[in-house]
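First chain A sits with chain B, and in the next complex the same chain sits with chain C.
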Partner chain A sequence: MAKTLYIDTSKCMGCRGCESACKQWNDLPANIKGDLKGEKFEFLPFNGTYQTKTAFAHQTYTMVKMQELAADDGGVKWLFGKRQCMHCAEATCMMVCPVDAISRTPEGAVYLDKEKCVGCGYCVQNCPFNVPQLDYNQKGIGIWEKKSSKCNLCADRVQNGLIPACAKTCPTGAIKFGDREEMLALAKERVEQLKPKFPGARIYGEKEVGGTVLYLLTEHPGYYGLPESAVVPWQVRFWKYFARPVGELAVGGGLLVILAGLFFNYVMPAKETPHHAEGVK
Partner chain B sequence: MTNGWTDLKETDCALIIGSNAAENHPISFKWLTKARDERGAKIIVVDPRFTRSASKADVYAPMRSGTDIAFMGGMINYILQNNLYWKDYVVNYTNAAFIVGEGYDFKDGMFSGYDPKTRKYDAKQWDFEMEPQADPKAAPKAKTDPTLSHPRCVFNLLKKHYSRYDLDTVSRVCGTPKEKLEEVYRTYAETGKPDKSGVIMYAMGTTQHTVGSQNVRSYAMVQLLLGNIGVPGGGVAALRGESNVQGSTDYALLFHLLPGYINAPNANADHATLEAYLKKETPKGGFKTNTPKWVVSMLKAWFGDAATKENEFGYHWLPKKDPKKNYSWIALFEAMYNGTIKGLWTWGENPPVSGPNCTKEAKAMENLDWLVCVDLFESETAAFWKRPGADPASIKTEVFLLPACSSIEKSGTVSNSARMTQYRWQAVQPMGESKPDLDIIYELFAKIRELYKGSKAAKDQGILNLTWDYGHPITPEAVAKEINGRDLTTGKLMTSFANLKDDGTTTSGCWIYCGMFPDENKYRAMDRDPAEKAKGIFPGWAYSWPVNRRILYNRCSADPAGKPWSEDKKIVWWDPNAPGDPAKPEDGPGAFVGYDVTDFNKFLKPEKSAAAPFIMQVLGKGGLYANTGMNEGPFPEHYEPWESPMKNAFSSVQLNPVVKVWEPDKQGSPDQFPIVCTTFRLSEHYQTGTLTRNQPWLAELQPYMFIELSEELAAEKGIKQGQKVKVSSARGEIEVYAMITKRWKPMEIDGRTVHCVGMPWHYGFAAIAKGESANVLTPHIGDGNTMIPEYKAFLVDIKGV
Partner chain C sequence: MAQPKIGTLRNGKVYRFDPVEVAAHWVHTISFFALLITGLVLFAPGGAGWLAKLLGGVNVTRLLHRVFAVPYALISLPLLVFFSPRGAKEWFREMFHWDKDDIKLMMGYFPEILGRHADLPEAPKFNAGEKFNSLLTLFTGIGLTLSGIIMWWPQSFPQWLVRLAYPVHDLAFLGMCSMLCVHIFLSVAHPKMRAALEGITTGWADAEFCKEHYGKWYKKVVTKG
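Showing the complex of A and B:
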């Protein structure tokens, strides 16, 4: 049965334990430029907020988006939304990957196999949530190895009967992991419970991109950096179900990457710019 | 905590004040979230800034740092004026009905009995009127008026004292809008009903003030008025600042105490002999009448066979302190600064970051001959001699850095805020030559004793006679057994402190933990039964002192007849059919039963136990009025912080009259430094950051030192988001990043706009995430009782760089 994460932002207090637990389990380095043992190294620059991680990176599979908002009563709201790969049911990244490095696990996660990845970057270009990122590894002078990376929903843990590291570490139960139906039922119940206090309470991810990781949001999705509507572009479907099979017959698997490049660079529409919370009303 | 972490799920309302629990005690929100979801509990946050806790609150009220007593005094007044207190509880279980003697008086901010020369009160003036007792050994009893009509009964004095704390004055002082005050008061006072309970959660935001202890008192008083002590979901919850602070105070890592909260002996006539000491320190009433059993058992644990009746069980081997001297943090660093202290061991301490006026404290360390630093990394303390601005060549201090194990590299217990001692098993082998703290102290003392071998000097006999027979290698279990104690007649481990004796036949290193190791193979700190008995009580999970009790003062959960006040809040109750005391068959059946270990002799008839539900109090009742124990008076009274933007609105007394002013020339004035500043912690860092600022995953979470300020202040000063700013106080200046946020707002204080700002205090010059230390700015002044420094309210100015 498909399993999913369910993130209840009304319970998240922004402690960021999930960010560190993720790095620890996945053995991801801190985002620090330079050599920590030497004198010269630097962190990401100061940005005036507690949210020091502002974008996914090959070292950063998850982060808590934070947003301060003026409240109607003259006070302030401080929103926290834990973000990671959405593990879409109709996963664009999976559809566009020319080498099938991205697949679905029996538990429902969208799994990116770094061994198979050729670093073409189409998943990076086409993700409606800006999740996968390329990691540039210098192999020699002028030689770079590129690999895409993203959250695999701790597939290794899940396949061994554990829950993802982020869910395991969450102190308030804001991050839960379980059967999708069960999680959806929890979310639905929660929306009703929260409506009186949070009129904007809603579920996100029930239908978006065929269904994604489930969110309980108390405000507009834009405040959490989520696009209001996320769908698979028709071009991607066209590629997946027509152009690619035909192309494979015509040019053979080896040249498919080039064909995909031509396709995604010329046929795909410009991607929807993700909402910046400032612009959302 | 009078209750515990898991008990938070039973609350109907949590008032978080002086704490940022979501941020610094995230696990508390596991239980508060449950309380909210399952019971519809409300969460109130009172804080100068909108914190991560505030983001999850139902009610948030801003309050100027350093005005807790005004805020809580206003609540006491609101509760009394609107008759929202729980009368049955107040009359039966608090000292509201006690009649105060005529010596008590209060005028213009001062209680009777003050001596301006010594800056001390004579607390005798505040005594109760006592019932005459024929038997001099009988427990003392105060005169009472259960109708609460006597003009000098505690209740009426309380009412009078806080009638001055009206909404307008409180709002003017605290900067909290009146309607917010009322909303907080109304919401919290809802818990003053038999079927409701509320908890007040506090931390360093409460204690680190010149009136820190009285701040806590004010919370306890509100809890007594609302009947929130001794019931599930109630209590005063002191959220301790790190995993084992509770343990460190329990075991008396404090200059004025012996283990188990017994006053340390002084070098004066009162304490000249063991007999004199015990006479002085043993009250006539309450459970502390057992003090001689605890002290003698402790001396037997420490000095073994060498402790005999003839030598007063080695009492003279205990160090005695000069009662006129203070040995707390600030005093120690003043003494180092003046060159009287020549050597220093720091054990997980980091004064150049955490000390108040830390520039001075680092400078003070230059006067040391030697410094030993036990830590996991080279902290700012270990590196103080090469700190920015120091001249290593001119510093003669010899510095030793001993590598210590981290918590996962060793086994042992920590005692958390819930008084729960929990064993943690070693997970990995120690790195390099690092050692557990226990091994370091074990080897250290063995070496010290070797150096004293053969000495006949009287002062050395304590060192030579100390029991140090833990076996090699030393284990936490060996020490725990000594703490637990033994019956020397049978050789068996003690099962409860009730069996300790004052004749030298029992031992116990710390009486409150007696019973945690009742059998050679049973160390209850290792217990891990996850089953909930009821009402948030998990009795099989580790061990809470005393005697595994989870809710202190739980007699108060039932009425004087022993019937629970409400079904929802019941934890212990009288069962007339339960088997009675086997030692007193003549009393017949009947005992208290329930979910928790009772806080009193469960076989006592309910009326008897109801007479003294607060067993540690001499007079047995909850103290709305403190005739002893508080240096600045029986009721908390608002005084301004040492550095304040306004004149005290409640009296002409500006500063807590009993605090010691160490550096009168280092006081900033509001003309020069108009902004109120406080310091705080972040989830992302721990204490002085030695552990977290050296750990890349955590360092990257908050890599920079910053100051939080409002959009309004930024606009006034022309400061842009993320730029560098200089923050200055009368002690110094630091350069940090500006974090401009909606979470701070200017406050209306005393009829004008006052800006408030705050900074994390985790940063220093060492580690991979560096920053200037907030404590460069904080003052060398402390609380009137505990001397904890006033880190939380001081004046600064800020300008762009």
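Showing the complex of A and C:
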């Protein structure tokens, strides 16, 4: 049964309880000392914003992004957008993974199995939302064991009838988890409610990536750091549907030439010696 | 001891390549094979899992691939250009110079691969197949090196370029492998072309073979010495 994580940004007050709940359930270290790769700083940075996490990292599957906007009445508007893996319907990471470490759960989540991951980084390079990040463990000089990591939509919880940790902990009801139709209906209703006060209100994620994560945004997606249209990068399609198959076909052709050459020279050689080969040993 | 002049005929053999040309060929061959084997693990970590184990795991293979990339990119071409300018000049001129005879030879060569006779025009120092192989080696080499550098340090390049580097690296790698099948078959297994292997290994190739397969070159440069 297809499930959906629905995030109503108009109800988010930026408490970041979801960030903590995510770390707690998934057993991810906090980055207080700032020495974890992916998010390096000497002290907890003060950068004039309520946003504490600057980027996804192997120990950060979710974060609340914050943006200040000038309001028409001269004041400021605060936009909060809780971000995590979008669990795209056509998932680029799944397309590029060379070891099938990324698969789809029956509930619709894009699941990354760290046991199978070999750390090639293709999902990291190609994700249109830049979500997966590598976890580095040094094994020797120049040798790194790498593992990709990202939100699995608490697949272990969901399979046991629970809802994801972020949705469970959200105190304002900004994060909900349920059947897709139900969540979509909620979002549509909410857009109508908000339209008079927030003309920019819209649903994001239904068409863009297929609806496993739905957003209700009050402004243009760009303010939340979301791409206006998120599609599989053309380089990935070129790679997967042209470069690899055509190249493999060419190598297959080369191997056939070897087989044919061996056969026609040694098993079934020409009857008469070619006249121009006389004298050649 | 003074090196013989290219084209010198002695004891039924012709001096075809100087030691620098021979060295450049084999440095390239060895580093290419090392990159091919380690690259195969990165190309198909699942299917080539046994190979990864042999090399010490995917993480070690990633390092090895980078190590072998250095001689591949930095040794063979400069070696040829700086230490055998004559050899480099000949090679470049041949691979970029195509006339009607070359095209005819290229089109009609397939029966020869199968050990059948085809009426083919005479070839210069490198025949059309070797010219094509040279072009592919040069251009896939450039493509593999540039895309490889981008893949090595992805943080230093724009994301669209990093994403493009992978299909370019793969296409060049697979294209070169395809050519390599034919190249290796002709040089080690083909009853007649095998003689060329001696030329690129010792520098001296059988005179009859040269007359037969590089007729234009033979007439122009070979002198009794």
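Please note the rule applied: the second predicted complex is superposed on the first by the 214 of 281 C-alpha atoms of A that agree within 3 Å, B and C clash if a C-alpha of one lies under 4 Å from a C-alpha of the other, contacts with A are read in each partner's own complex, and residues count from 1 in each chain.
Heads up, the rule we're going with is that a residue touches a chain if its C-beta (ideal position, glycine included) is under 8 Å from a C-beta of that chain, and two chains touch if they have at least 3 such contacts.
Predicted, not measured: the structure shown is a model, and the values here were computed from it.
Using the contact criterion defined above for the overlaid structures, shared-chain residue A:V118 touches chain C, although it does not reach chain B.
Contacts of A:Y50 after superposition on the shared chain: chain B is touched, whereas chain C is not.
In the superposition on chain A, no contact is made by A:P196 with either chain B or chain C.
Using the contact criterion defined above for the overlaid structures, shared-chain residue A:G17 touches chain B, although it does not reach chain C. Of the two partner chains placed by superposition, only chain B is touched by A:G173; chain C is not.
In the superposition on chain A, contact of A:G161 is made with neither chain B nor chain C.
Using the contact criterion defined above for the overlaid structures, shared-chain residue A:E68 touches chain B, although it does not reach chain C. On chain A, the patch touched by chain B and the patch touched by chain C do not overlap at any residue. Contact residues on chain C toward chain A in their complex (touch as defined above): 42-46, 58-60, 62-63, 66, 113-117, 154, 159-160, 162-164, 166-168, 170-171, 173-175, 177-182, 184-186, 189-192, 195, 206, 208-209, 212.
Within the complex formed with chain A, the chain B residues making contact are 22-23, 26-27, 29-30, 33, 37, 50, 52-56, 58, 60, 682-684, 696-704, 706, 721-722, 737-743, 768-769.
On chain A, the positions that touch chain C within their shared complex are 98-100, 118-122, 125-126, 139-140, 142-146, 233, 235-236, 238-239, 242-244, 246-248, 250-251, 253-255, 257-258, 260-262, 264-265, 269-270, 274-277, 279-281. Only residues 11, 13-17, 19-20, 23-24, 29-32, 36, 41, 43-50, 52-53, 68-70, 75-80, 171-173, 193, 197 of chain A touch chain B when the two sit together in their complex.
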